Every structure is written in C-alpha cells, then in structure tokens.
C-alpha cells in the first residue's frame, strides 16, 4: 500500500525536485501540494515540467491541509519548520529541506541565522560516518545543505584516516538553482549567463559551520573551514574544490586507500578511476556524488573534488534517500543514479 | 525474463541516451556496447554519467559481437545500418536511430543523402496517424529525425482537420547535441555559447523531405515545408515554431478542438492549456512533447509550436517507445515523463 | 568642445549600453545620470562594468536634473517620454529609446499599447530608405524596437526590389537583455539557461505593427507580418529568420543583387559572402547587422536572416548612430564595428 | 605615422583578440595576418566578428611574410616563437602571447613543458612591482599566462605588505576560450554548457610555477601555490579565488590599505568598494582587472578574488598594453576599460 506524501513549498525548486523524484518512486502516492503566496495557482503554470501534476491546484500551507499524510516534506523559508512539525505530531515523518534543524550549537545558529535555535534532528547524510544508523526509524529528518553535502563527501575520508590537517580551504561553484526561485536582480538570466561571481566571502556563508560540524567528529579534532561559494552560469550542479595540508606520511596510495574504503558499499558516492575528475554534467538530475582526490607533493596539500547536483544529492535526493532509510525501504528506491548528459 | 539488448555506437549521444533510458527499463538487460574508433575504451571515460556501465569496455561493431541479443539499437553513421541489420537476421528487433530507412522515395533520398536508397522500415512516431499499428510486432524500426518529430507533432492535427494550407513555414532551434559528438570547430563551447546561428538554410536540410512525407498523407495533399534550423546555446531541446496559412473558416475553436482530439489518449504528447507556451526546459530529459497552437487572425496564419528533448522524444525515447510497441510491452515502460527542470 | 549628454534611466540595460558607447565617443561629455526607484544609489553598484562612472550617484529623473544638456537619452517606461521631452524644450536633442513615438497610426498604437498616442518622431533606422534624411538636424529621435530593426534590415531589400509577396513570416530569437532588467520569475537564470521559449505568439507582440509600418512603404503595398519572438539562453543578440513567398521571376541572382545594392555604402549593415550565415556572436557588443539571403526554389520562398546585438544596433547603437546624424557628426563616431567573440 | 603590425596565428583566439584591439588602436596599421593549417583561407570565414578584415586572406607564417613590420604579435604553439623572433631581427618589437619566454628557471621550464628552455623576455604584467620599467623600450615581450595574471594581481599586494604566509591556495574558473580553438571532445558546446569541470589538478598545471615566480620576489621569500583550474560554462573570463594564511597582526584595515596602495595610479586594476565582489561579466571584453579582498578572522585566512577577461587583460590586452609601454605610447591606448555587460 502506497505511502501518502505531502510537499509544503511545492512551487519552489526544492519542492519541485522532491516531487520529480517522488513521481518515480514506486511506494509513494502524492497527496497535498501547498504553497505560500502561490496558494490557489494551477500547479502546471508553476512547475510545467511535472506533467502528471499539471492540473493540481496549490493549497495553503496549513496544519489541516498537511494532516493525514504519512510523510511531509518541508521546503519552507527558515524559521517556519518547527511550528509545522509540531502541528503534524510525532507519528508523521517530517523531512525538512530547510536549515532549521541542522546545527547543534545554538550560539552558532544564532550568529549565522539571526534567530532562536529550534533544535537538532537526525542529519540526512547517510554516507557520513555515524549518520545512517540515526536515520533508521526516525520521524524527523534535517536535510543537509547542498554545499555541506558536497564538501563533507569530498573531505571526510581524508579526515577519517587522519591524513590531513584540520584547516580546510574550500572553493565551490554552484548552479543558480541553489539560490532559489525568489526573484532578485543578480539572479536574472542576463546577469548570470557568461559570468562567475563569488558571494558570502570571508567566512560568512551559513553553510560554513555545518561543514565544520560534519568534519570535526570524523577528524577527532576541531576542523576549520575557509569557504568561498561562487555562482556559476548553469542551472544545476555543485563542483566543490577542497584542500588541506597533508599530514606527514600521507602518500597518494594511503589517500586513495582511505577514499576507497570510505565509499565501499555506497550506491551513490563514487571514487572515480585515477586521472578522471568529476564534472557536474555527469550528475545532472542524478543522486550520485562523484569524488576524486590527489596529493600535490610540491605544495604539500591534498586536493579532493566532488560533483553533485545541488537539487538532487544536495537537497531532494538526499531527502528521499533519508526518507527511504527512515521508513525501512531500500535506500536507493526512486532515486536516479545516471546523470542526464550531455 | 529480461530481454537482452545491444547498442551499436554506444559512445555517441544517441547511443548514450538509449542506454540511459534502458538502464531504467524494467524488462531490459544491457548486453554488448560497441563503438567504431572508440572500441577498446573503458566506457566510463566516454559516458561518465552512466555510472552502472562505467567499467564496461567498448567492443567493435561486428556481427559476432552483436549476435545473441533480442534487440539491437543502431547509432551509426548514415549508410551502415543495412549491412548490420542483414547480418543480424530477421528474428532480431533492429532499431535504427540513423536516417537510412526513413524516406520512402528513392530519388529524394539520393538527392538529400547522396547515396543509394536502402529501403523503408516502419517509422517510429506512433502518435502520427497510421504509424502505431505498423510498429506492432515489427522487427525493424526507423527512428524519426529529431526535427521531423517536433514538426510533425506540432502540425499534423491542423492538417488532419484540413484547417491549414499545404505550405508550411518552420523555424526550429535545436540544442547542440543534435549535431552529434564529432568534433567540429563551430561546435566548440566557445563558439556556441552566447550565440544563435542558422544552418542548412534554403531547403537543403535533410530533415525537410521527411517532414513533407509525414504531413502529406495526413493532409491528403502534398505539403511543402520551408524549413530553417538554428543552433541554440543549450545542450538539448528543440523548439519548433511552425505556421501555415489558415484555410477559410478556421477558427480558434476549431483549431483547439482538432488538437485536443489528435492528442487524446496519448501519454507523451500534451496540448498545453490556452495561453501557456511550451519551453524546452520542461521536457529536458523527458519523452514528452508539449504543443500549443494559436490563430493569428490579422496575418491569417495558424502558429503551432512544439518543444521536445531532441535526444529523448527526438531520438532515444522515440526509439524505446517504438521498441515497447514492437515487443508488445506497455508503450510508456522505462520512459520519463517529467522533465529535469530548472 | 564636447557635447554634454544626460541619460535618463541609466540603471537599465538600454541606459547602461548608451553609456558604454558614449564613454568611447570622442565628442561627448557625460552629464547627469538619472533613475527612478534607484535614484540615490552609487552607480558602480548597479552597472559595475562601467568603471569610469563607478563613483557617480544616480539622480532623480526630473526636469531640473536633465536641464542644461545638449542631448538627453531616455530609457524610460512607456508613456513617460512625452512629458520629459516637453519640459526639456525644443533646443535639446531628445533620443527616446522607448516606444512612445515610433508608430504613426494612433489606433494601432492604442490597440497594442493601451494608452493614448503621443505622436511620431523621426525614426532612427538610417539604413531604411528615406529615414536618414529625416534624421539630419532633428531634435527628436524615436529609436526603433530591437526586433523591427533586425527584421526590417533583413527584409527591406527584397521588398524594395519587389521580389517577394507582402506576407512575411518571422521567427526571431532574442537574448534575455531584450526583456529588460525588471525582475520576473521567468527571467531568472535558472529558468532561461538551457531553454528556448516563445512568447507573444499569434500577432500580439507590440513590435509587429512597427515591422509592417517599416516594410509597407518600401514595398509600395501593405505588408502583413506573422511574428513569433522567442527567448534564447544568451544575454544578448537577435537572430531574425524572415521569409516570404518569392514573386514570379525572382532568382537567386536578382535577390543577391537587390541586397548588394540596398546595403551599398552602409558601414553597419553587411551582406555576408554566399554560403556564410550570420550568427549573433559575430555582432556581440557591435553596432553591425549581418544579413544573408537565399531562395528556396522548392518551397518558393525567400529566406532572409539577420543578426544584431539587441542592445547595440537594436537600441543604444542605433540611438547613438542617429544622434550622430542629427548633430552632423560622422555617422560611425564612437560605434564599435567589431564583435566581441568568441 | 602609423606603426605596421603583423599577427602570426591570426585565426586563433589570442590572435583574433589582438586584432580586435588593434582595430581600435589609433596608432596602428594592420599588416600581415598569418596562419598555419589555415593559410590561404579567407579571414572572414575564420573570424567573422572582425568585419574590416573579412576579405583578407591568411598568409603562411614565414619570415618573408612577417618581414617589414614594426611589431609582430605571435600566437603560436609552444616552442615556435624563438625561431620566428630570431628571423625577425632585433629591431622589430616581438610580442609573444605563448609561454616560451615566461619562466626564468630552465629546469622548471623543462619539467612543466617537456622541451628545452628558450630563455626569458621582459614580462608583460606592468602592474607587478618592477616590471613596468623593464618593458620600456624593449624589443621582446613575454605576455603572461592568463591565470598567472589574475592570480598575481589578486595576491601581490598582500605579499608586498608581508600580510600573508607564503603558501597560497588558488582555485580559478576560466571561460572555455582559455583552452583555445583546437577542437577536442571535452570542449564541445554540448559538453561544457551546464557543467563545471576541473583539470590539471594536483600541481601539474603549467601556470603554477609562473605564479610562484611572480609572487616570490614580491614576498621576499619563496611562495608555494596550490593551484586548481576549472572550466566554466562561459566563453570568456577568469574568476580567481586566492587565499593564504594571515600573518599575525594582519587586520582588515592593514589589508585594505595594502591593496589601495598597490593599485594607486593604475588604470586597469581596480580595488572594488568594500562589500562588492568582482564578477567576470563586468570585465567582458575589457582590459580591466577587478579585485576585492577580505580577512576571514575565524579561519585566519586572507581571501583575495580577481576577475579578468582571459582574452583581454589575460592575453591580448596585456600584450597591447605592454606594446604601448615598449613603444613609448600612452599605456592605455586602444584598450577598452568598460566591460560589455550584461
């Protein structure tokens, strides 16, 4: 019998991508679709690529509309998830694609988000050591940020094997869908096409502490991340170029062995063959993360690079994968592994 | 029991897309992957987005390698399909993504392709009146050209209902994957990004007679097509803007009724709600064709516009859809309906 | 002594491009820069590519601010130009980049723009027969629309030589800057990249009557235009694919001769060598228009294609070229002829 | 009296851009245009954006053809410049856009380029301390690599003021024209659009030692650079994100003061106002370099980011600027300062 799933914030990019994946999920029946200012609109005018839902009408995001579902995905602005989750009750699986329940440290939350800390939920990055177990049977899931997903997958094997120093430098390029569907002048097509632009430079991007929170426990020591995000002229994809000083004794072989071991048995994370580097087009529309690593002996640094689709593995795919684990379904159910390329 | 399928020309864009779809097809087991100059290469270095096939090695395109499969897809240069098909024998379903068996008129074939005519196979555009029946049980399928697919779906309802004159004017924009993977200077990223460019202007594009061949029988009179293709700065997608003079008495209502009726019951062709126009992003990676039509009363013309993914509905998706029909499987098996957007 | 020039609407795409050109114009000194809701903003935060003006502050668009200049360019929303021009007086050269003074027929204006007709000014397309003379010494210039510029240049030679029937079919692709800088959801980079989309289909686009107005007098009969604009995934450029039925007796030679003659002596309009077709990248940032023409003998149609930069020849370049004529300066002063490619 | 200038390798991207700039240079007359395999071709078929040169014919790259010019620009494959320069003699100004004469250390040259070291010429990055003087009156100029230009301008002020440690980490995104016009499968438009991809990872890119050579003397100590280049889906532009550990005592104020001082009096390098970050669209087609810097106090790193057009300030613009200095002309002659945006 199919599980009934609602999506709050269905007109946004995260909500739309959750629905695209759920439409291909064999155990799911799609229930309510809700929106904020878009409530009342015909869904096909907002997400014309989701053909089977074209005639649906967006409902308002209220407890009444969201009631009666087995799973509710939230794609809401920061700060709204706690109240909705509470109203839904403890028996409903709530999967929050927002940031509200990602960070453990209240002070850090408040410094970066400027609002009271709501708490912490099991973190939907099952490949990160220790997290898959916490997702089994849970009724609450905090979906990771897109950049922390890419960066954590690229770096955690090196930290787990104690091969690098705890000061990481990350420069990541993201497709524009990572900035959401809210209209802002700098996100106009005329502005982004043909242009690379940095933003949130100098340690102020909200995903920075989430990366440190993910890598520190794996490293067994506090990890500092210097993170610079850039906007790339493409709709989707994150390419995260990460590096850290190699610890004495680190070799190309020990590095490769660490990554091979870390990803062994994982369906969605692949260490590429030596010499082949990840490109975002390979994971377009896919839940896969491609990773490669190298040792720059002259500069004494380990370079690890990952490519993900920010809307799939970085958001909706990670969300559905975690939902599968929480519900006891096969982890890969309904999730595309192949990219849409070229 | 799964059907065993081989793909000849697996390193090209058509072959790669056939494989992407087959990997999601529940009744298929992927057999041999063959290439020409790429034979011997590790598949993951050529099609890095097809993760489950990454460790495969491309074999040469020989009768021996292709033997022993239930279905063989051909993504070969023009002129090579006949010999391969003959060697495979009459019991194997051969699906030719090339042009060799599309045109009925030998003289037209020779004028446009400059080589001897090989013959005609059942034509893989099931939505075109009369063609679905011919595909049932066939062992040979000629997959339509990408432009003729888009244009025929946009115009045939108007011709079927005798609402337009038999002189059509078509301007279509295609993503660059339609030009294939062979490297040519004008297809470099530096050249195509930020640029629209026409080619094959003046009635010389090879897809022109295929459009006339499709529309004429539906119209019950010879149809002439003035066709101008243009290359757009995007990897995939065709937007076909088609028009013809309205016959006397044609109204917006009669037009809409004709299209509604023509597409009734079709899974993959959708007439959009009035006022909404198709865009290629809505069908990115999908087998759907979106169509809209309008009557310009001042100019006295019917304008019909379709959007397809040139590699899916325009090639590999049409091929798999036709294969399903030939094999007696559900027509939509393994075929994505939703686009990957944004 | 330099002429003092003000730009009203300096923060928009038209205003910014006028300024880019004026910064390279040897006879111009840039005076006031004004804006609407952006008044008070530092110019470098709005147009960061115009380095010499980065520290300027936008002033409000008032008669006082615009007073005291020799030339005033207007890049204002429709309906605002008449009042501003009147306040400036008859001695100031006013160059209106908007539509207010383009159409001669009041009823047509009102049908397409929904507001009272303001009148007609000399039309800034000097290459169109009869218009250069009217621009000499004028104090009022209506800058043509970007699509009418591309279409009129592509088609007028065929009409002037009576080689085609008076029913033209035009499909044009435009870069997104043609839609302006006002933020709308469908203009987000995530939406436009990788997508072609039509709009204003069926004879409703406001530039349609302007094309007919340009071509009719040249043809000596009323010309009807079926016009379909499409949005292409690039910031700049228009590719206009235009066709009309060939009149009896039209040959490839007569066609070519007509175009050669029509563009003889023109600096900015070039008939390409036979077999070479225009692409928008060749005119990126340039005031040139590239044109090519062919006769499709099978379909009986003449196909004429032009490429321009919508912001240069299609707006700001046409404006500056017309200003030069009005002021008695060399027509090409300050206008780039070479494109920025690749 | 105009200087007569020849361009060898005129059909490539570097040669084409040199010509675009020279066409706007008031003291230059363009002489011979030469090519390798393209010799004999009509220039307009190769560089259709350079309208005034469209009817020229490419000559072969021989001493005879290149003789009789005051200046010769070389856009040749590595290893060919020395012989051409010798044949031209000591009185001709030779500006080499290739790498042959950039590196001082023969062993480093041989390790990275695999061929014998040709020597060192004055280095065409006048803003780098000590280099402008060496360019005055020279008859030989080695044009810097595009990445070293972007990175050196971003980092040298911090090193000159001793504010950062000598281990720099650089991740740079380049438009595809940086990879040249030679056709390779991974440079096809279908492959690069919608994709970010790294290459030359792990310290093996040839521009790495050039960066170290530029920064070391300014720092007064050996500087190690960990450099990762990535290919971005745009034709032009480099965004270089550079960082290094802050030395004790470095403050946001000392940093800003160092950059303000370093760029004082420079026409083409601009420190942006605080809070505004460079984007490549702002320098599209322009010889400007935009720079911004910040101190990440938590991570203890200085982040400096620059944006240039790889073909202008990164190649042809730097070449023309250096030519101007060598010839005693005003440094900015013929060089665009404004970008072509959007």
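By written order: A, B, C and D. Residues from 1 in each chain.
The working rule: a contact is a pair of C-beta atoms (placed from the backbone, for glycine too) under 8 Å apart; a residue touches a chain by one contact, two chains touch by 3 or more.
Small disclaimer: the values here were computed from a predicted structure and weren't measured.
Listed by label, the chains that touch chain B and also chain D are A, C. Chain pairs A-B and B-C differ in how many C-beta pairs are in contact, and the one with more is B-C. When each chain is reduced to the average of its Cα atoms, A sits farthest from chain C.
For the pair chain A and chain D, the fraction of shared interface numbers is greater than half, so the two copies use mostly the same residues to meet.
Centres computed as Cα averages put chain B at a distance of 37 Å from chain C. The set of chain B residues touching two or more other chains comprises 13, 175, 177, 188, 190-191, 193-194, 233-236, 279, 281, 284, 342.
Of all residues in chain C, only 13, 16, 20, 23-24, 42, 44-45, 47-52, 54, 177, 193-194, 235-236, 270, 272-273, 276, 279, 281-286, 288, 290, 336-342 touch chain D in the complex they form. The touching residues of chain C, when paired with chain A in their complex, are 13, 175-177, 179, 181, 183-185, 187-194, 233-235. Chain contact summary for the complex, chain C toward chain B: residues 167, 169, 171, 173, 175, 188, 190-191, 193-199, 201-203, 224-226, 228, 230, 232-237, 239, 241, 243, 277-281, 284, 292, 294-301, 303, 305, 307, 342.
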